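Here's the structure we're looking at; comments come further down.
The letters A, B and C name the chains in turn, as written, and every chain counts its residues from 1.
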Amino acid sequence: MSNRIDVKKTYKLFINGAFPRSESGRTYEIKNANGVFIANLCLASRKDLKDAVVAARAAQSRWNKASAYNKGQVIYRIAEMLESRRAQFVDEITVFTGTTKIKAQKEVTDCVDRLVWYAGWTDKLSSLTGALNPVAGPYYNFTLPESMGVIAAIAPETPSLLGLIDAIAPIIVGGNTVVVLASTKAPLSAMSFAEVLATSDVPVGVINILTGKKDEIAPWMASHMDIDGFDISGLDAQSHGAIRIAGAENLKRIFRFKSADPGRILAFLENKTVWHPIGL
Amino acid sequence: METPVNFDYAPAPESRAIVTIKPTYGHFIAGKFVAGRKHFPTINPATEEVLSQIALAGKAEVDSAIAAARKAYITTWSKLSGKERGKYLFRIARIMQERAREFAVLETLDNGKPIRESRDVDVPLAAAHFFYHAGWADKLEFAGLGTSTKPHGVAGQIIPWNFPLLMLSWKVAPALATGNTVVLKPAESTSLTALLFAEVCQQAELPAGVVNIVTGDGSTGALIVNHPGIDKIAFTGSTEVGKIIARAVAPTHKSVTLELGGKAANIIFDDAAIDEAIEGIVNGVFFNQGHVCCAGSRLLLQENIVDEVLEKLKVRMAKIRVGDPMDKNTDLGAINSKEQLLKIQDLSRVGESEGGARWSAPCDFPKKGFWFAPTIFTGVTQAHRIAREEIFGPVLSVLTFRTPQEAMDKANNTPFGLSAGIWSEKGSRILWASQQLRAGVIWVNTFNKFDPTSPFGGYKESGWGREGGRHGLSAYLKGVGHE
Amino acid sequence: MSFYGLVDGTEASLKKYLGALSGVDQVGADARAAMLATRSIKTSSKRWAIDTAISMVDLTTLEGADTPGKVQALCTKAVRPDPMNSDVPSVGAVCVYNDMVRIARIHLDSIGGEHVGVAAVSTAFPSGRASMAVKIQDTQDALDAGASEIDMVIDRGAFLRGDYIGVFNEIVQIRKLCGTGVHLKVIFETGELVTYDNVRKASFLAMAAGADFIKTSTGKVTPAATPPVVLVMLEAVRDFYTMTNTRIGVKPAGGIKNTKDALKQLVLVNETAGPEWLTPTLFRIGASSLLNDLLMQRMKMDDGYYASPAYVTID
């Protein structure tokens, strides 16, 4: 047993490519499966959410304009960075959640593979879901999917890392930016994932990660007028009604998902139809 | 030969003899007309003549219509193959074509829109919607919406008064093609063509209960929205009511699509084909008296062509023929209701009081009925209410821009996102602008074109979902990847 | 010549003038014309329109087989389209090849048709493929024979290869020959110019060069006077009036065969250039068989039952 004192990590939020503390100064304790204290996590406030939305909005236009090829490479780069830190994530998940190493390995593997799967979607979407519509007249008419804007998400409690990636990746594939609230009980690998994001090529503001309490943040996400869509897969069913009511104020698109499915990507895309005459 | 003073067209009225309007109507439930208990009058907005008494559905009627739809769903419609469902839709399309003139005359009498539009736009497009969706009924597995999709069950559909029959077809055709049964409520002021459509369902021998039509006002609509027997709500109307519906169904498992308001920018660049752009401006905002959710009600003119365009626009507006909707030469008919007329008048007064310069085309209005002259407001900015609120009438707000980016920023500076127009002869700029605009339908060098194959619907507060085309099918199917 | 101050006669100024024109969207123009074609002209308006259309007809024979007898018969019909009904107005003019001009003029004058003009097709009609010297001589022959109107063709080959100044100069020269007393109509042969952009450009070119009328077609090429082409030309004369305060006339020719077609043309005029153009001095219709259909429709309106071709004269 070494006498060396560990240098412990301070876990902060991930907003606009930086790692700020909550403006509220509040934290909450995270303990491992055996009840041993691990870290103080930021308890994000509605103002942190507001800042994250500002960052996400500012980043959206540029991220949307990036070519599908580029977006695919950026997401693939996240997978590369995560792969290179497999051991760290397996350790963290094992220690923090008390799961077996084999299960932790499987989750990290699934995370990397899931990111690779999403990366390949960026440049397929419009060819698979777009359409050239045969209107009855001399018009060229096509429909293409297009980004919706800023999307909020509540990641599920478990699996905490894979759930987070399943919340983030389908949103950004189509050019949206995201503000996601990580698992409340197991947020540590989420914040380590933010370090992965910070060292990959994701432009600042495209992905913003908060830690804190769902019942505190979700209603503010639902009512925020500059959030266009909301993935509530991580919320308990009994809160959905109130969230949807709050979201109706700007007719937010609110969905929950059961699986990683192309429908999950398309849910946060708008379809734009363009008409143009065909003539001499 | 002397120069004539004017080539005034003599009245060319369409005959109304082709339609028979009953003094009183009931509801269409389980394949039969059922007498109503309470009634309210429906009037011809061009003459204020009472056309008929329309039944007001209360809880009992809504319950029995939904029960009929559920029974039909379980016992017949969900057991029918897509191929057979499609054949019913083809039948309906054909009967609508056969009775097109009757539908057109009835629509014009009840709605106030010019017979030229009901005859050349509403009714043919309505039939086309049935024909198009008929063909989908047995091909849904090829629609790219996943392999495990299913109909919702019973769809409650609430439609507006601006395109009564056309909106009915946008709702009923895809619902039936995908295997749902429906309870439809037409708008309070325009029920007659929906009731004629009920006769078409009978002639087509559509199984009883597959289509049910209950008439009434907002209270009837609320009964449908809040009814536990409804699986899916489809609504077209105001954003205000859309939000009420969104809240009402929030705690339920009902699926919802909403087709709501708009405040579309119609952007004219200095290289546009000006004469066609003028036509596009006119068609954009004066089509159907401006009672169009996707109307191009904000004209954005590049500053260096403002004078030329406004001069030509006023000359053109003075040629719009306002008057008897039954006259085949009428371009702009009656405002649909007194209530809507008051709203248009009120917002126009706001426009004046906020400093907008108002110009209205000179018109002689008939003595009775509800009328509003084609009107433009110049000197309008984004900070004017008439540049932000949907007027839903023949009123155009004129704004200007200096650079393409400024045009995009102004166009997008609205909570709505239904449609937009671009006029330019430069291909790369057109494609750039069509990417920049945050709206579901972009008309380039044209405006207000509709087709059953072309998805229609808005971004942001203009609604949820699309109607028409392959994309519109997903509104009536579950299992498409999200809830 | 001043060319209304729009151009100075140089190629550079002409290119600048034509380059400033806005384009025409074909689908939009077609849609506008189709919409106006749905106008329903009834009762008193129809009666007025039929008589107006008759007075606007340039009654035309342009056949290799034309003879003095055929032309004289045409002239008789031009003056009194319905021999049984003196209410029917005379047509605007007769339109013939230049060797028939003198015959037509003499005959018209001899039957009380002094008010009916004689239009001569000119400048190597219909193709325009000849030297300028020949075109000038062709026109001069017609003028010498008493033509009051010259229907010249432009050199479509020159136009299509971009030699606008060449086309312009030909019109200027013919304008000079005609002087102020003789009406100059410039024929584009829109079926060969093909695009509406070209039609608009040719219209502005010809108007600046001194045309009194712009005319769609020779009648030898289809498509000819389609409603959208006439719409584009009417928009051009309307805009030219805004620019110069001068009203230029429009003459559709070719393909206008019945009353319905003619009424559609008048509606186009009324709602595009405006009612000021609804006069034979600003609108003509080049036609031959149209006149009899107008007469039969007129009889139907008077009598209340449908007419038979047996009751109108074949020439």
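Miscellaneous remarks
In this section, a residue touches a chain if its C-beta (ideal position, glycine included) is under 8 Å from a C-beta of that chain, and two chains touch if they have at least 3 such contacts.
Keep in mind the model is a prediction, meaning the values are calculated, not measured.
Ranked by number of C-beta pairs in contact, the top chain pair is A-B. Of all chains, C has its CA centroid at the greatest distance from the CA centroid of subunit A.
Note on chain placement: the centre of subunit A and the centre of subunit C lie 70 Å apart, centres being C-alpha means. Rounded to whole angstrom units, the spacing between the C-alpha centres of subunit B and subunit C is 44. Per-chain CA centroids place subunit A at a distance of 37 Å from subunit B.
Across the assembly, subunit A contributes residues 139, 277 that each touch 2 or more other chains. In subunit B, the residues touching two or more other chains are 445-446. Residue positions 25, 27-28 of subunit C are each in touch with at least two other chains. On the side of subunit A, the complex with subunit C involves touching residues 138-139, 277-280. Put simply, subunit B touches subunit C in their complex at residues 1-12, 116, 120, 271-276, 279-280, 311, 319, 328-329, 425, 445-446.
Remark: subunit C residues 22-25, 27-29, 31-32, 38-46, 48-49, 52, 55, 89, 235, 242, 266-267, 270-271, 275-276, 278-280 touch subunit B in the complex.
Taken together, the subunit A residues at the contact with subunit B in this complex read 128-129, 131, 133-137, 139, 141, 143, 146, 148, 228, 240-245, 247-251, 253, 255-258, 261-264, 266-267, 270-277. Subunit B makes touch with subunit A in their complex at residues 128, 144, 146, 239, 242-243, 246-247, 250-252, 258, 260, 415, 430, 434-435, 439-446, 449, 451, 453-457, 459-461, 463-464, 466, 469-471, 480-483.
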